[in-house]
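Just passing along the structure, written as structure tokens.
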Amino acid sequence: MIYFILISVLVVLIIGAAVYAIRQKDLLYAVIATGIISLILSILFYMLQAPDVALTEAAIGVALTTIIFIITIRNTVRFEDERDKKDKFKSAVK
Amino acid sequence: MNNTYFDLLDYMIYGTAILIILIGLYGALVKKSLIKIVIGLSVVDSGVNLLIVAIGYLKGGTAPIFSPGYLANPIKMVDPVPQALVLTAIVIGFGVTAVALALVIRLYRHHGTLNIDEIKDLKW
Amino acid sequence: MSILEIIGGILILIGSAFLFLGALGIFRMPDVYNRLQAGTKATTLGGMSLVLGVGFLEPSWMLKSLIIIIFIAYSNPISSHALARAMYRRGHYPLIKDKDKEKMDAYREVVPHKTKEEEKS
Amino acid sequence: MTYIIYIAFIFMAAGLIFSAIRFVKGPTAGDRTVALDTLTTIGVAALVLLGYVFQRFVYIDVALVYAVLGFIGVIVIARYLEGAL
């Protein structure tokens, strides 16, 4: 029964994070949401008795994916609708 | 501590994985921003990995790793083949994401925008 | 029930309670710095206590538990400090009166950040 | 002992829910990053406790890797917000 509660919470959180990552206009928040998706997915792999997959997902999904998305956002624009507002700290690329 | 807790939860995992795939597919097909499309592809990747691992799960099984704790008390193991496949698929998914983001940066430096409606010419 | 199991159970209860209180603090506190204080200190204590409790329950796991405790003890303060400095340099003031904000602006030579007027732009 | 672990799991599930609510509500980027940090710490604790429940010594390595690498994402986001990446 206790696993039912824990897995229900994890399932609700991962679906909510996926919807948030798709619907959010600010791309930085969407990237943080993908980090949360990766975290919850790692715990689900762990509960599905696959610790090696959970280890790889933790190493790649949390650290490396976040880093390359942040570098891309820093080199391009932060907001999905570019004409709305620019990031204050965006440095000139071109 | 008994391990037979997966009664209807495996169906729940299947439904979750399919729902995540559909959400990511919606994002990859509908959104206009290129980075949002890459995020959608990444979400699809996560859902596919979860689905394949959930297919290989066996009720009451343990991880397919030999260790002294297992040899003292042997019980049945889950299927190791989907785990090996997913282990490769995660790394390949990261490579795909990295290449796609590199192309996004190149496109932005050439066109000055990320909206795919404004990127029309094929040659760059 | 041996003495090690009793100690481990008490440590696990304390740890999970502090994890819950840290998350509740994140939910209830009014601004960024208070949330940092609740969400990092309380969860650091909670996580360390829970991992130590598991180490007491299974005494052969104690070495790996201590290694996890060391990693929590260095990774959590680093991330919280980096985040607090980023929010300060970005120009976020805590919930204080207006005349105290000028005191905070007096540190601009030491740590450059955006002032109250620049924040609006 | 079983009930103690049940209570701990219920506490951690409630903590996950509260952090997720702050992540959705939080007005600034710092609030959401703090929520990610708290989720990471609660995740490490949950992994260790699940490893005890499953009674496999190998499972603790996942929590170890998570504790080592989990804060890098937060630091990168903080450096980006600072404007110094």
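For clarity, chains are labelled A, B, C and D in written order, and residue numbers in each chain start from 1.
Following the convention adopted for this analysis, a contact is a pair of C-beta atoms (placed from the backbone, for glycine too) under 8 Å apart; a residue touches a chain by one contact, two chains touch by 3 or more.
Given the structure is predicted, the values throughout are model-derived calculations rather than measurements.
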Where chain C and chain D overlap in contact partners, by chain label: none
Pair of chains joined by more contacts [C-beta pairs], A-D or B-D: A-D
Chain A and chain C: spacing of chain centres that average the CA atoms, whole Å: 21
CA centroid of chain A to CA centroid of chain B, Å: 12
Where chain A touches two or more other chains at once, by residue number: 49, 51, 71, 73, 89
For chain B, residues contacting two or more additional chains: 62-63, 65
Where chain D touches two or more other chains, by residue: 5, 9, 12, 16-17, 33, 54, 56-59, 61, 70, 81-83
Touching pairs among all chains present in the structure: A-B, A-D, B-D, C-D
Residue ranges of chain D touching chain B (in the complex, touch as defined): 2, 53-59
Complex interface listing, chain A residues touching chain D: 2, 5-6, 9-10, 13, 16-17, 20, 28-29, 32-33, 35-36, 39, 42-43, 46-47, 49, 51, 54-55, 58-59, 62-63, 66-67, 70-71, 73-74, 89, 91
Of all residues in chain D, those that touch chain C in their complex: 1, 4-5, 7-9, 11-12, 14-19, 21-22, 28, 30-31, 33-35, 37-38, 41-42, 44-45, 48-49, 51-52, 57, 60-61, 63-64, 67-68, 70-71, 74-75, 78-79, 81-83
Chain A-facing residues of chain D, complex: 5-6, 9-10, 12-13, 16-17, 20, 23-24, 29, 32-33, 36, 39-40, 43, 46-47, 50, 54, 56, 58-59, 61-62, 65-66, 69-70, 72-73, 76-77, 80-83, 85
Touching residues on chain A, where the partner in the complex is chain B: 1, 3-4, 7-8, 11, 14-15, 18-19, 21-22, 27, 30-31, 34, 37-38, 41, 44-45, 48-53, 56-57, 60-61, 64-65, 68-69, 71-73, 75-77, 80, 82, 93-94
